[in-house]
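Lettered A, B and C in written order, each chain numbered from 1.
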Amino acid sequence: MSEDERYRTSTQYRYWSYTPDSLAELRTTTNRIAADRVREAVRSAREAAVISSAETSETENGSRAVSALPEGEVDCLTVEEELKLVAFYCRQTIQLGDHLKVPTDVKATAIQYIKRFYITNSLMTYHPTSILKTALFFATKTENHYFRLTKFADAIGKTTPEDVLASEFLLTQGLRFTFDVRHPFRALEGAVMELQAMANGQISAADKPWEGREMGKRVKDAHGKAREYLKTSALLTDVYFHFTPSQIMMASLLIADPDLLTWYIGVKLPAESMREKVMMTLEDCSSILRTVEPTSQPSGDELKELKRLAKKLNKCRNPEKMDLVGLQRAKREGEDGEEEKAIKKRKLEREKSAREGDDLFGPALTKNES
Amino acid sequence: MAVSPLIFPPAPADKNAGAKLSKLSNQGSNGAAPEGPSVSSGARDLAEQMNEEEKQKYVKGKKLGEGTYANVYLGHLRDDPKRLVAIKKIKIQKEYTEGMAPDAVRELKHLQEISHPNIISLLSVFSSKDQNLNLVLEYLPLGDLEMLIKDVEGVRYGAADIKAWMGMLSRAIWFCHENFILHRDIKPNNLLIAADGEVKLADFGLARSFSDPYRIMTSNVITRWYRPPELLFGAKHYSGAVDIWSVGLVFAELVIRTPYIAGDTEVGQVNLICQAVGTPTEENWPGVSKLPEYAVPDPPNPIRGRDQYLSTFGTAGQEGVDLLMAMLILDPRKRITAREVLQHPWWASEPKPTRKQDLPKKGGGAEKIGEDLKRRPGILDDERGAKVARKLDFGKM
Amino acid sequence: MPPRSRLGAGETSTSTLSANNPSDDICPVCKSNRYLNPNLEFLINPECYHKMCSTCVDRIFTSGPASCPVPYCGKTLRKKGFHKAFFADLTVEREVDIRKRVGAIFNRRQDEFETLLDWNNYLEEVEGLIFDLVEGTRDEKVKAEEKLRAYKEGNRGEIEENRKAGLEEADIARRREKAEKEAARQRRLAAYREEEEEKADAQRTKRDVLDRLATSNEDANKIAQHAQKVILKKTSARRNLTDAQANSNGSVLDSGLTINVRGLKKKEAPIIEKPYDPFGGVDLTPSHYTLQKDYDNEWLGNAKNDIRHMAGGYSIEEYYARTMFEAFSGLGVFIEDEKAPEKTAASSTIGTAAAVQAAGGIVSLEDKMELDDVF
């Protein structure tokens, strides 16, 4: 098995690699379904509210959720808007990770979890602020840098352990129970070590265009620059979905020092057709990486836009999925104590709306469920 | 059913991603949306639908075993009742209040990635309605190596059989290490036997990937009898060598048919190692005295010589004894690596390893795989239930 | 040629009604009936399965091929193609003929298949084909015939092999049965002989004892005891002997069989005798780099010198191996190409592929693909 064949056995390749087109299709579908469901849920919640307020108002929770919703058709987020928000919350995750002083791979894994999760889930259904905390917490588990849950919640502030755990199961399900994320960081160390070994002559390389010490310095500089791209640009763009960690790493070196990288690839891949194909792929990857420069921050206009989108999101959230803690408790325990009454009530409404949904779509359903 | 409700390719062998995708996208562009799968199934998430689809592929049968960590059920493919699987249902642990249990996280993370004839296959994962995780594993009906070792009366085996089993174990651990995974719980009852005689390494509940330099790991892994001296001394930076020590002790146990170094406590384990192998000292293991929990009985025993090994493990042959000694070298840096194990002359020497289909068997049956899979990792059988050896905990990973 | 299945209305009803149906007794061609002619015998020709009485067959076809006298059939029939139907129901007769024909071509055996599922899938495929031939529309039939022909073309060698294997198997079964019968007969004979001998022995010993009692002055008891011992010894000796014979008999029998069995297994023989490969055929040698024993790396300096890393057995080599592997793993994997929908739409058995893969690990997936290619 070659290195490439072995990469093909990873879940990152098998489950989480897409062409740009198919990824866009997936996201469009997810967005469309979520928007439909938001509209449907809001409609049935309104109806329920009308009914229950006619009876007397015991369903405070339900009506509160509804009253937060504007009258008329709900204005849902578009795919592009969702993506902008996800990118923003990924940045937030990096900051949160910095605040908690977790290593780079934990942050990077958390971000990939978030990005993977939102391929099949919409922000309108599950709000990113809760998902990102859970993703970061879960990444500390999978990357062997565990944080005590209470300590974790305290360190974030305004967060209870229950908040963090409420969407853990949702997250793992959205990740399809694949937790391994392959990053380009260690790969960069490998390439740099080999380049240094070439520079100092430990590994002989024909036609070395640089003298040892000069090359050593170049490699060192490229290393630092490439690393910055990997720590930010690679995480905030979609490159993990479209390229392999090796390619992402080489692409970051291509940005850092095009001559060095081109020479290196030439040494490693003597066959011309393969070399050209790889170089083209690296060019593609690097051009995506460049769309988010390592030091760049959202501009004032962009921040304004993001604020608008955050507001918009708050108006088009699926009322059934707002109280994740409550939902989780209901799922886990399934018993109704005092405080769970409201949840139970809402659950009934949800089932009712699901039933109505059945009627609405009529015969198609039986076909699909058979 | 013509239209799949999935957006995703649902299976691991997934050359099919595109097929599903394009179907859905066609639907969209036809303007035939939003009919069909996704919306009509009411309040269910896509992820839940995918989960449901996965779950529908299997039929859960009778319970094979019940443990603190998991219950194991016999199951089969819905499409093919002859194709049996073991379904390991992870229990929600009351005492673990920090979400998905570490054993489950580790087992899933690593089994999802690794595929080798001598490593148990994870076929699928789904959750049942109460959010319990279900791992669908290949069904290995013929029990485990421990059963064969223990049944001294009922099962006779010889040097060729031991070599065959050791070969399969060594391949498994080599493949783990080549994929940068430490198993950290190798012992005879984690080596399950398939219907065709193939031995498969199971239970990745303590596994983790190799640590990068400066990142510490817990030393509190590997069931005591198989735990190497560096872990008993509290090392936080270690390597694949820890698994090799365990492999060596499985080898020894296969030959003498009883656990070779079976201490009652960790201190007892160290003492027994000093007797059976020799006392770790700065001479034979530079730096050992700096390990956090280094303590050995006085006076030190010399390293056991080749002749002594030959007298105990002679059935393995000259080369076999050489290999065993290389696995049981105290200093982990000098211990043989998994790749070197497979390059050892023992494999080429006589007798030839028995072909897997000719290996001695014992009708282990359903109950035994239940026993094996439900066990909490890292614990000796006789301790189960009584006192849990240690609390599993990410804190020290 | 595809047998056209335009059975006349009469035949269709024949097939569904019981034997005392009057149409069973009337020749559809000459209308002579059993009442007048008790010797009436019906024949069919598998070209079209139209039945007629033997007199009509003689009358119409003796002078050479002619077309079927049933209206709108028009098939050219030959006299030697006619035979008596085995089944009263001609649709059954026809189906059985078709099955025989298909079975001779699709003659794979279960042990050729990796898994039960594959075998079942194959059977289903064949059954579908048969159904098309038996019940299908004209188009379906033509298609099915075409499939049959193509398969026959494509698998000539294997079909022949399987045919031979089938014959051989039948042969072995026959021989085994014969051998078993013979062995049973031998056992019976031996048992009979043994009993006879025992009787004769007892007789002889008795005579001996009497003789000795008569001729010597030894103690009578001792003589009797000794005699008893002799009998026992002889019996057990005989038993051992017959056991040995039985065993050798068995092995003779076995070796007679195994010659044939070996012939059967010839296909697999070359695979078995490979030298033992400790790596199990898996080669993970990197192709893009040669791992060095050591690399210069400032960042690693401390770890290399740290006593705790070293004493714990931490392996910098393992770290090197991992960084180098990750640097090149996937460099030549082009997701844009490999994950493009048209490339990935090929197979449709998603669910079971996982299980198949699981069953044989890395190796079996390829086998599975090969099997799929058969169709």
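In the analysis below, a contact is a pair of C-beta atoms (placed from the backbone, for glycine too) under 8 Å apart; a residue touches a chain by one contact, two chains touch by 3 or more.
These are the chains along with the protein names UniProt gives them: A = RNA polymerase II holoenzyme cyclin-like subunit; B = Protein kinase domain-containing protein; C = RNA polymerase II transcription factor B subunit 3.
Remember, it's a predicted structure, so these values are computed and weren't measured experimentally.
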{"item": "By mean Cα position, the chain sitting nearest the middle", "value": "B"}
{"item": "Between the pairs A-B and A-C, the one where more C-beta pairs touch", "value": "A-B"}
{"item": "Where chain B and chain C are represented by their mean Cα positions, the distance between them in whole Å", "value": "37"}
{"item": "Distance from chain B to chain A - Cα centre to Cα centre, in angstrom", "value": "31"}
{"item": "Rounded Å distance between chain A and chain C, as computed from the means of their C-alpha atoms", "value": "52"}
{"item": "In chain A, residues with contacts to at least two other chains", "value": "6, 18, 22, 186"}
{"item": "Two or more partner chains touched - positions in chain B", "value": "9, 12-14, 17-18, 21, 115, 211-212"}
{"item": "Numbers and ranges of chain C residues touching at least 2 other chains", "value": "282, 284, 299, 322, 325, 339-341, 362"}
{"item": "Complex interface listing, chain A residues touching chain C", "value": "1-4, 6-8, 13, 17-20, 22, 182, 184, 186-191, 193-194, 196-197, 200, 202-203, 241-247, 249-250, 268, 274, 277-278, 281, 284"}
{"item": "Residues of chain B defined as touching chain C within the complex", "value": "9-19, 21-22, 57, 77, 79-80, 82-83, 85, 115-119, 121-124, 138, 167, 170-171, 174-175, 177-178, 180, 210-214, 230, 235-242, 285-288, 290-291, 331-333, 335, 342-344, 347-348, 352-353, 355"}
{"item": "Touching residues on chain C, where the partner in the complex is chain A", "value": "282-284, 286-290, 292, 295-297, 299, 320, 322-336, 338-341, 362"}
{"item": "Chain A-touching residues of chain B, taken from the complex the two chains share", "value": "1, 3, 5, 7-9, 12-14, 17-18, 21, 24-25, 28, 33-43, 45-48, 50-51, 92, 97-100, 102, 105, 108-110, 112-113, 115, 125, 127, 130-131, 133, 179, 208-209, 211-212, 215, 217, 393-395, 397"}
{"item": "Partner chain B, residues of chain A touching it in the complex", "value": "6, 9-11, 14-15, 18, 22, 25-26, 28-30, 32-33, 36-37, 40-41, 103, 120-121, 125, 137-138, 140-142, 144-146, 148-149, 161, 164-165, 168-170, 172-174, 176-180, 186, 320, 331-332, 334, 350-351, 353-355, 357-358, 361, 364-365, 367-370"}
